[in-house]
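In what comes next, chain A is part of two complexes: it sits with chain B in the first one and with chain C in the second one.
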Partner chain A sequence: MATIVDITEEQALKVKNFEFTYAGSDEPNIKKLTMPIAKHSITALIGPSGCGKTTLLRSFNRMHDLYPANRYSGEIIFKDRNILTKNEDLIKLRTQIGMIFQKPTAFPMSIFDNVAYGLRLQGVKNKTELQDRVEKALQDAAIWQEAKDRLKHDANGLSGGQQQRLCIARAIAVEPEVLLFDEPTSALDPISTAGIEELIVGLKERVSIIIVTHNMQQAARVSDYTGFMYLGELVELSPTEELFVTPKERLTEEYITGKFG
Partner chain B sequence: MTYTQKRVIANSIVMALSTLSALIGIGFLLWILSILIINGVDALSMTIFLEEGAPPGNESGGLKHALIGQLMLVGYASAFGVPLGIMAGTYLSEYGLKSKLSETIRDISDIMMSAPSIVIGAFVYAIVVAPSGQFSGWAGSIALMIIMLPIILRTTDDMLQLVPSTLREAAFALGTPKYKVITQVVYRGAKAGILTGVMLGVARVAGETAPLLFTSFNDNFLNTDMSQPMASLTVTMYNYATSPYEDWQKLGWAAAFILSMFILTLNILGRLFLLKRKGK
Partner chain C sequence: MSSIIDKIFANATKFIAIGVLLLVAWIFSVLFEHSLKSIEAFGFSFLTETKWAPNLEKFGALPAIYGSVVSTFLAMILAVPIAIGIAIFLSEIAHAKIKTPVGVSIELLAAIPSVVYGMWGLFYFVPIIRDMFGGIGISMLTAGIVLSIMILPFMAAVTRDAMNTTPDILKESAYALGGTKWDVIKDIIIPYAKAGIIGSFILALGRAIGETMAVTFVMGNVHKISTDLTQPATSIPVTLANEFAEADSELYFSSLFELSLLLLVISFTIISIAKFYFLRRKRTGQ
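What follows is the complex of A and B.
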């Protein structure tokens, strides 16, 4: 049986009996998973490849709906409603639950337009307001110093680490409540990685964060809670220190000590 | 002989052969171009741009009618063919992707791309010219549009598919509606490629003769009425070059030269644009 810590503080998301099957597959990728996500804290999802952690992460903003014939059941409760229902407004949901991808995904436009993109979508037209909010987002994402003199330049001229921070700026500019990070540093060098990690920790005051990572040290460094997933199930969810120092499940211990993975 | 030596020798043989092949190819191209330039420049004069066709023998004829006809034929073909091709390509890549319908459309356009253009001319003759009872500029433009369509459709489709899916996902993840994901993010990512497809499509039809013989036919005088037979550089070139009159033959060279330069410029512009985008 899984060990899932009781989260006494407020919860940003609640996963209940969630099951997910990819198109063309008979075997569910996630099996009857139940998991609380604490508000204003960082939850890391770890586990071997194929354990379903990215699949779970992409369920929170219904990314799977972009591709036909994926099947899912159960509930994900966000702001007192089940976001898995058919009449969920996905456009609105995705402005409330933002996402950062593994590879930086700067749009082929200027740095300024990248960050302003989400704001313009939400109807912000006022030039001064746009400028203020873009500047604030870039500052919060710790890239203002590098970007301020070339806001009009193509965003693809930035380095990988800078582009990833730009993507974070773009995501936080629209002030989401939850941010999903899908292995955000696996394409980056160690220095950029350290910068992004620092940034993630700094953001939890304002947003609830879920981060999928292959890097256990990274989970240990940044997160408050860590969930270990294996074969589509949540084996253990504990406060990060407990999970890494005194894991309750044998499987967790074997994974974090490198016996498999 | 050591293995390394063998490799070095094999390498130099292959390199010599491929260099030679490249030189032969370029050689023919330069040969064609030089003959065109020698004969074409010689035939060029201001009268060519200012005068319409004239009976042979009085040296006063020009190509104004053919130039304007050509621009109108290609212009109308592009005005309808380019948006249609881009929209169809967008459907294939962004909406249909792997569906049976889009795979069928892809197969059919691949076949259409290699269909002899004279067949398309005959087709338009049968559905437009014969029922309306006369050759017309519209029929010519329709034929050119049909030839242009699969080229633009397939390059748009290919270029859009080259845009990484993570870029689309990132746009969706910000709460972007699908049509804005396509028009504001995906199109930008594929802009250079799509533009190249458009230029290649336009350049391809600008040099077509056979389908025009069946459709817009020809006119030795200036006509800007698309419902009437219309002159084009290619058909004019064919008529003049095969005529027994020396001044008409000269005009044929001039038409060949102008047409080649037009297509060459279009190609070079397309490529320059690609380079500029990449360099940025």
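What follows is the complex of A and C.
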């Protein structure tokens, strides 16, 4: 049986009996998973490739709905409602639950337009408001100093680390309540990685964060809670220090000590 | 030993590659040589003169140039929006079960020989245009429509391929910010694929302007400039196809050669522009 810590503080998301099956798969890729996500803290998801951690992450903003024939059941509770229902407004949901991807994904437009993109989608037209919010987002994502003199330049001229910070600025510009990070530093060098990690830690005062990572050290460095997943199940969810120092489950211990993975 | 074989092979390929360039230069020089009489006789006025009268030995290319430009322009106006629509449907909207059969049929359409489009146009389109717009049905408009149908499959297929190169992760990033399908198509996919799309349009334009068989049937070979699209007209390749066999004087013959030289220069220019766009596909960053 799984060990799942009781989260006494407020919860940003509650996963209940969530089951997910990819199109063309006979067996569920996530099996009856239940998991609380604490508000204003960082929850890391670790586990070997194919354990379902990215699949779970992409369920929180219903990314799977972009592709046909994926099946899911159970509940994910966000703001007192189950977001897995048919009549959930996905456009609105995705502005409340933002996402950062494995690779920097600067859009083919200027730096300014990249950050303003989500705001414009929401109908913000006022020039000064756009300028203020873009500047604030770039400052919060620690890229304002490098970007302020070339806001009109193509965003693809930035380095990988800068682009990833730009993507974070773009995501926080629309003021989401939850941010999903899908291995955000897997394409970056160690120095850029350290910068992104610092940034993520600084963001948790405002947003609840879930981060999928292949890198256990990263989970240990940034997160408050860590969930270990294996074969589509949540084996253990504990405060990060406890999970890495005194794991409750044998499977967790074997994974973090490198016996498999 | 093997280094000698390598050298022989390298030189053989080099020789063949240079041979292609020589062939192009040779074609140019032959066309130019045969055009000399006409160039000497008419000079620059060959391009501006509207009268094409073989019996009077007067040759002006403007009606043919006008016909080429207008029929190609018509074809592009009709084909571009439809091609983009088909490409968007195939790359972003269609279900996988429809995507493949429709995509393959479009690629098959692109393989139909142009003479078949011409015959089909003559027997089916000419009466329709006659009934709908008046005139005899053989006209600039018919030529434009047949041309547009001919270039449409190629444009749609290449535009779709260009759109398909947009990385999923980039599209997902836009959806993750609350974008709708339309937002993603218009703000991400089309800008990302822009260079490839424009390149395909220019290649189609090059094909349309040099197209002979599809339009020879339906255009009429009438050397007159008319703003009425239901009137018969001519284009450079139509003139060449219709009149080469009956060019009985040296000047007539030479004028036709000058026309073909003109067509070659136009096509060359268009393909060069397309290549330029394709080469710039990798965006320059700053």
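We take it that the second predicted complex is superposed on the first by the 261 of 261 C-alpha atoms of A that agree within 3 Å, B and C clash if a C-alpha of one lies under 4 Å from a C-alpha of the other, contacts with A are read in each partner's own complex, and residues count from 1 in each chain.
As a working rule, contacts are C-beta pairs under 8 Å (C-beta built on N, C-alpha and C of every residue); 3 or more make two chains touch, one makes a residue touch a chain.
Predicted model, so just to flag it, every value in this text is computed and none were measured.
Per the definitions stated earlier, placing chain B and chain C onto a shared chain A by superposition produces a clash between them.
In the superposition on chain A, contact of A:T105 is made with both chain B and chain C. In the overlay built on the shared chain, the residue A:A44 is in contact with neither chain B nor chain C. Residue contacts after overlaying the shared chain place A:M63 against chain B and chain C alike.
Using the contact criterion defined above for the overlaid structures, shared-chain residue A:I196 touches neither chain B nor chain C, since it reaches no partner.
Comparing the two complexes, residues 61, 63, 66, 91-92, 94-95, 98-99, 101-103, 105, 107-109, 117-118, 121-122, 154, 156-157, 167, 170-171, 174 of chain A contact chain B in one case and chain C in the other. In the complex of the two chains, the chain C residues touching chain A come out as 95-96, 167, 169-180, 183, 187-188, 191-192, 194, 283, 285-286.
On chain A, the positions that touch chain B within their shared complex are 61, 63, 66, 90-95, 98-99, 101-103, 105, 107-109, 117-118, 121-122, 154, 156-157, 167, 170-171, 174. Those residues of chain A lying in contact with chain C across their complex are 61, 63, 66, 68, 91-92, 94-95, 98-99, 101-103, 105, 107-109, 117-118, 121-122, 150, 153-154, 156-157, 167, 170-171, 174. Contacts from chain B toward chain A in the complex involve residues 164, 166-177, 180, 184-185, 188-189, 191, 280.
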